[in-house]
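Pasting in a structure now, in C-alpha cells, and then I'll have a few things to ask.
Each chain gets a letter, A, B, C and D, in the order it is written, and its residues are counted from 1.
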Amino acid sequence: MIIIMEKNATAENIQAVINILNEHGFRAILHEGDVHTVIDALGDKTTLSQSRLEAMDGVNQVKLIRQPYRMASRDRKEEDTVIEFSNGVKIGGANRPVFMIGPCSVEDDYDGLLQVAQAAKEMGCQFLRGGAFKPRTSPYDFDGLGEQALKYLAQAREATGLLVVTELMDVVDLDLVCNYADVIQIGARNMQNFRLLKAVGKCKKPVILKRGPAATIQEFLLAAEHIMYNGNEQVILCERGVKSFDSAFTRNLLDISAVPVIKKHSHLPIIVDPSHGTGQRYLIEPMAKAGIIVGADGIMVEVHHNPAKALSDGKQSLSIPQFKEVFAKLNNLIDTLPLEKGKTNSFTE
Amino acid sequence: MIIIMEKNATAENIQAVINILNEHGFRAILHEGDVHTVIDALGDKTTLSQSRLEAMDGVNQVKLIRQPYRMASRDRKEEDTVIEFSNGVKIGGANRPVFMIGPCSVEDDYDGLLQVAQAAKEMGCQFLRGGAFKPRTSPYDFDGLGEQALKYLAQAREATGLLVVTELMDVVDLDLVCNYADVIQIGARNMQNFRLLKAVGKCKKPVILKRGPAATIQEFLLAAEHIMYNGNEQVILCERGVKSFDSAFTRNLLDISAVPVIKKHSHLPIIVDPSHGTGQRYLIEPMAKAGIIVGADGIMVEVHHNPAKALSDGKQSLSIPQFKEVFAKLNNLIDTLPLEKGKTNSFTE
Amino acid sequence: MIIIMEKNATAENIQAVINILNEHGFRAILHEGDVHTVIDALGDKTTLSQSRLEAMDGVNQVKLIRQPYRMASRDRKEEDTVIEFSNGVKIGGANRPVFMIGPCSVEDDYDGLLQVAQAAKEMGCQFLRGGAFKPRTSPYDFDGLGEQALKYLAQAREATGLLVVTELMDVVDLDLVCNYADVIQIGARNMQNFRLLKAVGKCKKPVILKRGPAATIQEFLLAAEHIMYNGNEQVILCERGVKSFDSAFTRNLLDISAVPVIKKHSHLPIIVDPSHGTGQRYLIEPMAKAGIIVGADGIMVEVHHNPAKALSDGKQSLSIPQFKEVFAKLNNLIDTLPLEKGKTNSFTE
Amino acid sequence: MIIIMEKNATAENIQAVINILNEHGFRAILHEGDVHTVIDALGDKTTLSQSRLEAMDGVNQVKLIRQPYRMASRDRKEEDTVIEFSNGVKIGGANRPVFMIGPCSVEDDYDGLLQVAQAAKEMGCQFLRGGAFKPRTSPYDFDGLGEQALKYLAQAREATGLLVVTELMDVVDLDLVCNYADVIQIGARNMQNFRLLKAVGKCKKPVILKRGPAATIQEFLLAAEHIMYNGNEQVILCERGVKSFDSAFTRNLLDISAVPVIKKHSHLPIIVDPSHGTGQRYLIEPMAKAGIIVGADGIMVEVHHNPAKALSDGKQSLSIPQFKEVFAKLNNLIDTLPLEKGKTNSFTE
C-alpha cells in the first residue's frame, strides 16, 4: 500500500501511521515530497485493511498496488482454470465455448421444456438452464414453480444428457438445488449476498456468478473470491450487462470488454449472457458473436418454446426456430475462426 | 397500459393483442395513427404483465400509465405513514426527524458502544444502530461479531432507553435478530434479495430498507412493495447514495432529490444516511442538513468512539466529540426552521 | 404523441390541452381511463414541442411514439447510406469495413507520420487520421500543431494515396480544415456543440460524428440530425465508449451493442474506435474484432511510430509492429467471415 | 507522481522511466517492493504528462498525488475568491447567496421578460438570466432570438438595475455577448469546448461555467483551469445535475454534495441550478434550499411569465407567483439561519 498524507499532516499523524504499520508487520518507508509525505507500506494487506488506515488523522488517501483479490487473480495462478464435468464437458482455457440455453423460468409445461432441451441437444449445446426460483422486481410477477421446476429440469436431463444450470436464491434451498443441479447459478441481484456466496463456497458444485448490475470488475472478482475463499474454486463468471444512463434501446449495457479485461486479470472462465445483457431478441445474435470473438468461454441465452406466452422475459427469449438459426451461425463462427482462447493464445498486447 | 404496435404490425398481430387483453378482462380501445396503431388497455395490470405483451409479435412497446407499485403509492394512501414505537417515538408525517447513530459494526468493546449510546441519548437521538452481521466486499474484512453484538446492543438499550436498529442479512437469522432489534435493517446490497424481503414482510417489526447502489426509485419502491405485500406495512425507506461515474471525492452520490420525489409518490417515511452516502466524514454535516431541509424523516450517521481504530468504515464515522458538535447544529437547524414536513406542508409546486 | 393527464386534472386542464393541439393542426382523441385521462394527438410534432405540452397544468407526461429524429431514421430511408470518395473508397452498406489509423495528434516529426502512413497503406487501410487541434482536459497538455499538422497530413496523403481524417474544433477553422481534410471529425466533447454541427452541415465533406461520453443513442442521432438538417447527409457515426461507474480497468465502456441498435434505427454508417473506447492497448484487437463482427462499417485506431514518446494518448496507441500484427488479424477475420453487413444481411430477429 | 511498474517489468523498463524523469528535472526515488517496483517522482508535473509515462513499456500505472488543476485549487489560494460587480454585488466567500432568475430563452415578448425582471427585483434577486442563443438537442426546437434577445435583456437591466447573465455558444459571438452581458455563461454541453474556454479566458467579464452532464469534479475544475490559465480568474462554477441511470422522475441527478466537495478543494464560488438539475418544477424549492444549506454562493432558477407557453423548458420553470412564493421562503431561510459560508465557517470535519 501507499499512504499519502495530507499536506498539513503533523509529525504525530505520520508517526501514528508508521506505528500501526509496524504493529501489523509492515515495513514502512517514508518519503517527504515537496507537498505531501508518502509512506510505502510493504507487507500482507489481509492483516490491516485499507479503510482502517484511511480513517486515521492526517491521511489523505491509501492506494493499493496489488489487487485486493488473491485466489481469483491471474497473478497467483497463471494457468486458466478449466472446469470439467463427469460427462467430459469442459469450460475454460482453450476449450470450445459452451452453450447454456433454456427458458428464463421453468413453467408448468414439461413438454415445452423438453422441446427446448431437444433442440439444444441437436444444436450441440451442453447445458439446459431454467429458473425454479425467480427474483422478480415486482411482487405481482410470477416467481417460479419451485421444486417442481427442478424435477422437470432433471427429467429433461435424463431425456437429453444435457447438464442442468439453475439459480439458487436462498441458503435454505441449497441442498434442494444441489440435489438437482449440475451448476448452481448466483443471480446478478445476489452477487453481493455474502451469505449465499459463503454457502456455495462450501458446496461441491460449480457456480456461475453473475455480475451485479452496478458491480465494478473489482467487486465482481471479490465476490468470486468469497466463494473461492470458502472452499469452492469452481467459479464461472458471467457478464450480463450493467446499468447505464441509456435504457431506451437496451435493458442493460453489455460490457463486452469485461471479457478480455477479466481474462487478463483472472484465471477464471467467463461466459456472456446477451439475453439479459440487452433485453432485446434481435441483439442476441450479434452480441453472442461479439462475446465469442473476444474470448468468452460460453454463451448463455434464453430460449422458450413460445416466447409470446412466456411468464417472464419473453421479449428477450428466442423461439426454437430462431434459436436454431442463431446457434447454427454461432457454431459456424466457432468452426471457422481460429479463436484466440486461453492464456496461451492471448490477443496482441 | 398503452400498447404501441410496430409500424409494420399485421392485422393478425393486432388481433392477437386484443384477444389476450380480452382474456384477462381488459377493455381494449384501438387507435390507428398515421404511423403506428395504438391500443389503450384499461384493466387490472396485476393479471397480465407488461413483459408478456412486450414479447408478442408486432408490439413495439408497452407503456404503463400507473406506477407498478400500489401499496407503497401515494395514489392509494394519501396520508403519510407514521410508525410509532412503544416508547412513543414516531417516524414520518409531520413528526420531528429522528436520529439513528452508532458504529458501522458492533465490536468486542461494550464500553465503547456504551459511550456512543450515552452520547446519543444526550444529544436527543432515539435510535442506536450497529451491525452484528456485516456484508463485506472482500472476504478478508471483518464481518461482524454475530449474536454477541446483538447482546451488546440490547444491553446498551437497557442502559439508555434507545431503540435498537440492526441489519438482517439472512432469513435464518430472522428470529434471532427480531429477538433483539426494535427495527430491522435491510442493507443496500440486499435490496433485491426477495426472499429476505418476503421474510421481513411476515414479521412484526418495522423495517428500514436501504436503496440499492444502482436501484432506480421505481425499483426501490417495488422492493418496499414486496415487504408490504407480504404483510408488513411498517417500511422506512433509506437513501444512502448511488453509484456514479465519479468516485474520486465521494464513495457514492447521495441523491438528495430522492427525498422530495419519494414524498410525492409514496406515503412511506424516508431517512437519509450521509455516512454511506458520501463516505467522507466532512460531508456528514452538510448532507445531513440537506436531507433535513428537503423533508427527510430521519438521519442515520455512523459514530464510533475511536474511528481510527474502527474495524469497518472508520473514514466515514464521526468521533463522539465530532458527533456532538454536528448534532448540536442539526438540532439547532430543526428548532430554528419551520420544517415543511408531511403531506400537509409540501413544497410549492 | 400521447398526453397522459394527472389523476386530478380538471376539465379546464384537459380542454386547454385539446385547444393547443387543435391550434397546431393535431387531431386529439380523448380517452377517459379508470384513473387517468389520456389524449392521443395525431399530427406533425415539429410544430408543437413535447416540452411545451409537459409544462401545461394537469399534464402528467407526454410520450412520443415516433423517434424525434427523422432524416437519420431508418423509417424514413430504408437503404443504407453509403459514402463514396473520389478514389472509389466506400463506407457503409454491404461494403468491407474501412480502417482509419494514425496518431492521436500529429507531432512535429513528419518522418514518423510517414512511417505510420506507409504501414497503413501496406495493411490495406484507406484513411490516415491525426489531430491538428486537440481538445485537452488539462490546459497544461499539448494541444496540437495547428496548420502545420494539416500540411503534414496532406503531404502523407500525397505520398500514400490515403484519405485524410482530422478533427474540427471551432467554426473559425472550418475553411482551413476543409482545405486539407477528406473527412472532418467532430470530437466526442463537441457532439452537442450545435454551432459546429450547423457549420459542418453546410460544408460538402463527409463528417465523422463521435458519440459524446454520456450521450444516449437518441441524443447521438439527434446530433447527426443537426448536421443533416443543415444540408450534409454524409454523416458517419462513431462509437467511442461512454462513461461508466467503473474506470479502474478501462477509460470508457465501449458500447458494442450500439452498432446493431443504430443499424436497426438508422441508415447511417457507424464505425468503432477501440483506442478511445478502452484506453488500453491490449484491448484494441479484441474490441476491434467485436466491432467488426456486429457489423461496424469501419474501425478507427491510434497508431504511433513511438507510443512511449507520443505527446498524447500513447497508452492507447499501437506501435507500427503491433499495428501490423493486429490488422493482419482483422483482415483475416474479414476475409474469413461471411460478414452480415448492411440492411439486407441483418441478424436474426 | 508515483509510477508503479508491472510485476514483470525489466531493469531496462525501469531505467527508461528514470531517464525520462531525470530529463524533465524530476527527482526519482526507487522502491523495490515484494511484487512491484515503485518509483516516486518529485517535480513539476506540467513538464511531463501522466499519459506519456503510462505509455511506456513496463509501466502498470501512474498515480498523481497532487490534483492536476492548480490555479483553481484551494492548495494554491486558501482565501475564497469573491467576484465583485460595479454595482456592489458580490459572489463568493461569506457573502449572502445571490439569486439569478429568468426565462430559459428570451422570447419575442419584452413585456413578459420585464414582468419577470420586476418580480426578480422585488424579491431581492441580483441577476436576470435568459438565453439569446440556445443549444437544443433537436434541430427542430427553438434555438433563440439572437441579438434581439440581448437587446431585450439590456433593456430590462436599464429598467431594473439587475445584472445580466447570458450564454455564449460560439467564439464568433464573444464581442456581441460581452457588449450586453455582465456575466457570460458557458453551458454544460460546452464545458469541454476548449476554444470557447480559451476565448472567455481572454475576456474581462466573470464567467459562469456549468458542469457537464457527465463531467467528474476533476474535469469540471480542469475546465475552470482552462479559463483561469488563459487570464480570467473570475470563474463561478455551477452545479446543474449529472446523468444517472434513473431518469424516470428527474431529468438529471442534482449533485448537492458537489458544493461542499468543491468548497474544500477549490476557492472558486459555486452556485446551484435546481431547474436544469431536476427538470421538475416541484423540486426547485427543496433543492434550492438544499443548495443554500450546504453553502452554495447562489441559486439559478428558471422563471417564465407563462410557463405553459414557454418555447423551451416550461416544465422546469416557475411562474411569477410561484417564483415569489418560493423565493420568499428562500430569503426567509437565509435570514433565519446562521449560514456556514466561506472558508472561515466550514462544516465540522
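Rule of thumb we're sticking to: a residue touches a chain if its C-beta (ideal position, glycine included) is under 8 Å from a C-beta of that chain, and two chains touch if they have at least 3 such contacts.
Here the structure is a predicted model, which means the values were calculated and not measured.
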A-D against C-D, pair bridged by the larger set of C-beta contacts: C-D
Longest centre-to-centre distance from subunit A, chain (CA-based): D
Subunit B and subunit D, separation of their C-alpha mean positions in angstrom: 31
Centroid spacing, where centroids are CA-atom means, of subunit A and subunit D in whole angstrom: 39
Whole-Å gap between the CA centroids of subunit C and subunit D: 27
Per-residue multi-chain contacts in subunit A, two or more chains: 214, 243-245
Residues of subunit C defined as touching subunit B within the complex: 2, 4, 7, 29, 31, 33-36, 38, 40, 42, 63, 65-66, 75, 214, 243-245, 247
Partner subunit B, residues of subunit A touching it in the complex: 16, 45-46, 49, 51-52, 54-57, 68-69, 135-143, 169-172, 189-190, 192-195, 212-214, 219, 222, 225-226, 229-230, 243, 307-315, 317
Contact footprint of subunit A on subunit C as seen in their complex: 214, 216-218, 242-246, 248-250, 253-257, 259-261, 264-265, 277-278, 281-287, 289-290, 293-295, 322, 325-326, 329, 333, 336-337, 346-349
